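Okay, so chain A shows up in both of these, paired with chain B first and chain C after.
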Partner chain A sequence: MTARSGTSAPVAGSGGSGNGGNGGSSGSGQAGRQALARLRSYSATADIRPAAAWALTLIFLFTYAIKQPGTLTGSSLGILAADTLTLAALGLGQGVVILTAGIDLSVGGVLALGTTIAATHFTNGLTIALWTVVILAIGVAAGLINGLLVGRLGLQPFIVTLATWSIFDGIALYVLPVAGGQVPTGFANWINGAAAGIPNAIWALAAMVVVWLWFRRTRTAKRIYAVGSDREAAGIAGVRIAPTLMSAYAISGFCAAGASIFYVMLTASGDPTSGDGLILPSVAAVVIGGTSLRGGQGGFVGTVAGALTLTLLTDVIFAFNLPSYWTVLADGLLLVLAVLAGSGLQALQARRRQA
Partner chain B sequence: MTTSPPARPALPAPAPTGAARRTLARNRSVLFGYLLVLVLAVAGEVVSRGFLGINHIDELVISGGFIALVGLGQTFVILTGGVDLSIPWVLNAAAIYLTLWANGDSAKMAWIVPVLLAGAALVGAVNGIGIAFLRVPPIIMTLGMSGVVEGALLLSTNGGSGQNAPNAAVYLATHRWGPVPVLAVLWLAVLMIATVVLGATPFGRRLYATGLNQRVATFAGVNVRFVTVAVYMISGVAAALAGIALAGYVGQSYLGMGDPYLFASVAAVAIGGTSILGGSGNFVGTTAGALALAVLAGLLPILGLQPAALEIVYGCVILGAVMLSSVRSGRDRSAG
Partner chain C sequence: MTQSTSAAGSQVQPDRLLTATGLSKAFAGVQALEDVSFDVRPGEVHALLGENGAGKSTLVKLVSGVLRADHGEVRFRGRPFAPRDPAQALAAGVGVVFQELPLLPDMTVMENIYFGLEPLGWLRTVSRRQLRARAEELFDRLLLPGINPGQLVRELSVAARQLVAIAKVLAADPAVVVFDEATSALGPGDVAWLFDQTRALAAAGKGIVFISHRLAEIDAISDRVTVLRNGRGVGSWAAGEISPDGLISAMLGRQLAQLYPEQQAEAQAESVLSVRALSAGRRLRGVDLDVHRGEVLGLCGLEGQGQLELFLAIYGVIRSRGSISVDGTPHRVRSPRDALRAGIGLALVPEDRKNEGILPTLSIRENMSLPSLGQASRLGLISRDAEQKLIGPAMADLRIGSGDPEQQVGGLSGGNQQKVVVGKFLLTGARILLLYDLTRGVDVGTKAEIFRMIDDLAAQGYAILFYSSDLAEIENVPHRICVMFDGQVTATFRHGSCSQADLVAAMIGQDTAESHP
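And now, the complex of A and B:
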């Protein structure tokens, strides 16, 4: 269809990777070419923000390790990964939506609903498999509804997902009015287990990164990046906007549903209010990871670092015997600071490019 | 905006001008809001006798007033094209600090209330400065500040929930002048002030201009940054006022008492016909939305629905109202 430029992973960010001209019939050749050139120009420079996020993660890790010897052993890292999984999964989906310059507040509702269903319906291997499929399907359906309203009707992402967040929170309260329920011990223990000497949680985290690196090269991902960089140019280049947005929100719903499974494994129970406190961290993980709120730039490799950083922050706060209430305050501060740092870096890069 | 309107059947003879049509549309949504209140209230009376009894109407007006008060701040913010997600924790913090600091001593309210309102204004100012000067998107800035306020509240109170409200707050929030509750008078005053500020002051005009198009407003000499900081400060103060009044009305404060008010404030604004994109709408509409939500909340238990249904209803109401206004504005545009 159209020439495909470099498809480097966003963390390397060395080559231009914005490419949107897939699917549909391209408009007139001239306009299409111009639009493509415009799209490419958005990601032409190296983005150091994900690398900065990983540096931050390492700083936190070593701070924690100094205070708490034994942190850098396999089992401790496994626990860290297990604690990070829920947030990482949420951030994976949230990141895809933010790449389209949108936001998904409904991940809180989907997560809450998922945990309540799991905690009330998981009894044995068969029901676990069956209801996991149901939970994931609910997540996808929720995302498709969001995507339909945002993509087809052109409604504001925040208002649509605020409304569906409320709706799914309400349904979760119906399924399980107060925190509780239970899941089979063997199922919950998986997250603390290990395979081939490596903790399962680390395998899961690695699997998410691998899936992301594969996804990053698919046409769907390229359309998502294109729509987020410049919706108008993407449209001219032949990207169908509405289906692209729907796929992004569907991915987010799926990931939030998956995150609810991790949450249930970690806590061995469900909670209809579990999602409300995770919306801010999910956005913060993405933004700390270097994904631009304006869309089109960033990816999950940075988000993992963001999620690890936020998890380590809790650990560090604990290690220094500070009240755990610092966590939510620090989450909020980090979110705003990361946005400011991100836009500051962007301005700096723009100035250097001009010079 | 549109290039060429689709071919329409012959226009009705004296077509109203675009402006007149827009005014009509705006009043239509406000009228629609009050009609909704009426229909829901009558439905309540049909399902359960006494729903429209004078005592219950009091209760509906007061609980609607709380939604309207937080909706006031949300209306101002949304009119400029923003949104304030920090309302629930500002409200909650005001309620908890009031009860903790007063510790039963009503006289202390003389300094506590001004301090709380000033603190809320400060939170709003930080929101506004982040949004107007540092260009942080409103949703991110207020989400972040919501976390900061929540964290600061939990830290300073060591995660403790609140306690009983001082007697003066309870007295003011539940007292009546003759048959009229004091709170109802407060709501009426708020409604009138907000309507005058929006409709008949230079600040109101600048606020609408900011919401319609920031760049054009700037060219027209509007200090967009000042307006933006001001609306978030108003939103913070309104939320704190609601928290203080709520603590008095309920008689105590507790963690989580602000939670329902995020969805409720946005839903009230949306029902009231204020455009989520900013620039059009008013507080009279939001009041209708708040009353409709209060009546709805009173109706649900009568229909045998759990409180959980309320959250679902809030969500559906927001979606419905936003879809309706999007369809309506699309039609207006293709007609104008």
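And now, the complex of A and C:
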């Protein structure tokens, strides 16, 4: 006797009862019904938050396009991508840390430090290549320090990265006390260039997405998701927690350093306070993109939409001639709405699963 | 059949698969395990028994690398064995199915089963296609149809999660398998499946350690029993060498007068809770039942037959259709607040044992007075004296812990934590108590206390709806028993008028002569 329970209810053959009167159309009707049922069960289980974030992005894009007719041309979209690159790169790393149920406020400090080093040391092709490597290495080292304090010593990510943010900001102020410095124009202009008819900034954004899609399927990524999903269970499944956290923070440091290069291209100078205003947006982009602050759920595909939305928000406010304080205010409003919408969607799905 | 012959054959061999010698472990000065020795032979099912806190789980954690022993040694196939973590232990051949269901909730079934062992494809990425194929093959082999390998673990029922946790360990084909209360979340059908698997493993020469609080299961499956008490080994017996009563005394260190108390009073005629045509979602499809004054009404069913939904609907957690009357007056119960106002209290051991209905860092006093703070407030401030007065009688009635209301609830035993949950609702003035699987994973001494509490409350006139996944309890504790099948009550029995076989037949939907009260 094998009375099985605990598994999902058997799928009843839908052809059994209503076959008689339907005639010729029953075959296609049934296929359609099955497809609908499959879609329904998918929408009840799949994470639809990234898709919702992209829908929001498109709404903003079309709103802006109505006011500014040239928006949907290649060069215009290139500018949008260029404006988004810094935030997207920050969000890529921030998102990885948030997946572990942590947070990395020090991305602001790493970004600021990176821009000051670039603005004071980038002079020609050789120094650019050399110092870019140095900046990225500093980013990784900064992340490893965070990861060590969080992972090995078990300190709170919020406090640790709040402290290191200030430390890296301090070093940035030592390197370059006031905003300024300069980088070769040829280097800065790359971000506005194009290859094969497509703006370089869009290439760069696409490259980040491709790297993410690869990374998401590696074992390292699985370990990062696992630690964020349930730390104890991850440990029992053989994940070593401290090294995994260190890798997540190192990735975040690397991405923040990369973001500083994009920032320098965009402004052609360095700024020791440049990071401070980007910390909240880096978290906001991740959250608007559907990654859960509780860890274990989400990814960069949504974060890109979150970053684009935040950039477009500024543009839309500008296009509608609203005063500039609206930008900051609307950032916060959007973040609250995103969190509300995220939990609302989840509740809806949970209810649908139950019914 | 094959199992007994192979077990007998293996006992001739002197070799041991796994031996633990003189293991000791202390936590913050408390000796959780002291000089315990234990071994597993090939082809045997070795049961490990003991009350909660006796050290069973600590022993399992030491063997599997979750914890490190202070003293003593573990050997596997004759060599010293000190795995870094359970994953490494599993890879080496010692697999543990843990009690606390530590699966990764945001990952799919197949990702959980093969975590860290995923087939890698192009650019070292995990191949979902191969992963799914492997998982499907495994489920076929283990006769586990109906679990979708691509489903997120978060969305599975606790029983299905437990089955996945078992499948994960069996997938690695370990030489020693430890089931740490693997059956506490399973219904009878799944337990039968697990027993089949266990016998097959033993027949194949594996060593099995089986931990359960259900003595009937120990009796049915084990070749040898070892009992722990207060962190020390009490003794080991071959199957049949010791009676269930003997085992209970060994676990308790004293005679247990009676696990199930004699019912002090008959139920009265007057119906207190009356439910008609109650439906909710797809799981609950028109339930009629009455709970009378002073009555314990037992409820049983296979997992997912609507019993949880019934409790949640009566308590207003999920929306329902149909009528709920208290003392003959219909009530709209749309939220737990409504239910409390109608005098209904729910003590639920949520399926996820990690977040029970308690606040572990607060004291007994704070936990118990929480739903009735209004009664303990003066001008909006909480008066500690008033709180004390409020909870004092309930604490005494329920015999909670040492009687100190300032004790942290997190530090209490499981049984005492359950009593705090029940006590909370007594204080709100609830006269109808919904007790959902209160004894799951609870040791036999605590169970006896909980049953005595239930009987005391019934004798005082409370109307109690009692669900348990343990059939022995259903047979012995309630005055009447309702069986749920497919969202409805399909059979009703009187206390003493049915065997467990009758109950099981009704639970799997077989027609039985319905004996109406």
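One rule holds in what follows: the second predicted complex is superposed on the first by the 311 of 355 C-alpha atoms of A that agree within 3 Å, B and C clash if a C-alpha of one lies under 4 Å from a C-alpha of the other, contacts with A are read in each partner's own complex, and residues count from 1 in each chain.
What we mean here is this: a residue touches a chain if its C-beta (ideal position, glycine included) is under 8 Å from a C-beta of that chain, and two chains touch if they have at least 3 such contacts.
These numbers were taken from a predicted model, which means no experiment stands behind them.
Undergrad: Examine A:L149 and indicate which partner it touches, taking first as chain B and second as chain C; both and neither are also allowed.
TA: first
Undergrad: In this superposition, which partner touches a larger number of chain A residues, chain B or chain C?
TA: Of chain B and chain C, the partner in contact with more residues of chain A is B.
Undergrad: May I ask you to decide whether A:G290 touches chain B, chain C, both, or neither, giving the answer as first, second, both or neither?
TA: Neither partner.
Undergrad: In the superposed arrangement, which partner chain does A:V160 touch: chain B (first), chain C (second), both, or neither?
TA: In the superposition, A:V160 touches chain B alone.
Undergrad: Who does A:G170 touch here: chain B (first), chain C (second), both, or neither?
TA: After superposing on A, A:G170 lies in contact with chain B but is clear of chain C.
Undergrad: Would you check which partner chain A:V328 touches, where first means chain B only, second means chain C only, and both and neither mean what they say?
TA: A:V328 contacts chain B only, not chain C.
Undergrad: Between chain B (first) and chain C (second), which, if any, makes contact with A:G181: first, second, both or neither?
TA: Neither partner.
Undergrad: Taking the superposition as given, does A:G93 touch the first partner, chain B, the second, chain C, both, or neither?
TA: In the superposed model, A:G93 contacts neither chain B nor chain C.
Undergrad: Hey, what residues of chain A end up touching chain B and chain C alike?
TA: No residue of chain A touches both chain B and chain C.
Undergrad: Quick one: which bits of chain A touch chain C in the complex? Just the residue numbers, please.
TA: Touching chain C from chain A are residues 1-10, 45, 214, 217-219, 222, 225-226, 228-230, 232-240, 296-297, 353-355.
Undergrad: Spell out the part of chain B that touches chain A in their complex, as residue ranges.
TA: Per the stated touch rule, the residues are 83, 130, 134-137, 139-141, 143-152, 154-155, 158-159, 259, 262-263, 266, 270, 276-277, 306-316, 318-319, 322-323, 326.
Undergrad: Which positions of chain A touch chain B when the two form their complex?
TA: Residue list for chain A touching chain B: 103, 149, 153-156, 158-160, 162-171, 173-174, 177, 276, 279-280, 283-284, 287, 293, 323, 325-333, 335-336, 339-340, 343.
Undergrad: Spell out the residues on chain C that touch chain A in their complex, using ranges where they run on.
TA: Those in contact with chain A are residues 66, 85-88, 98, 100, 102-107, 111-112, 115-116, 118, 120, 123-126, 143-148, 151-152, 155, 157, 159-160, 162-163, 186-190, 192-193, 281-282, 302-304, 318, 507-508.
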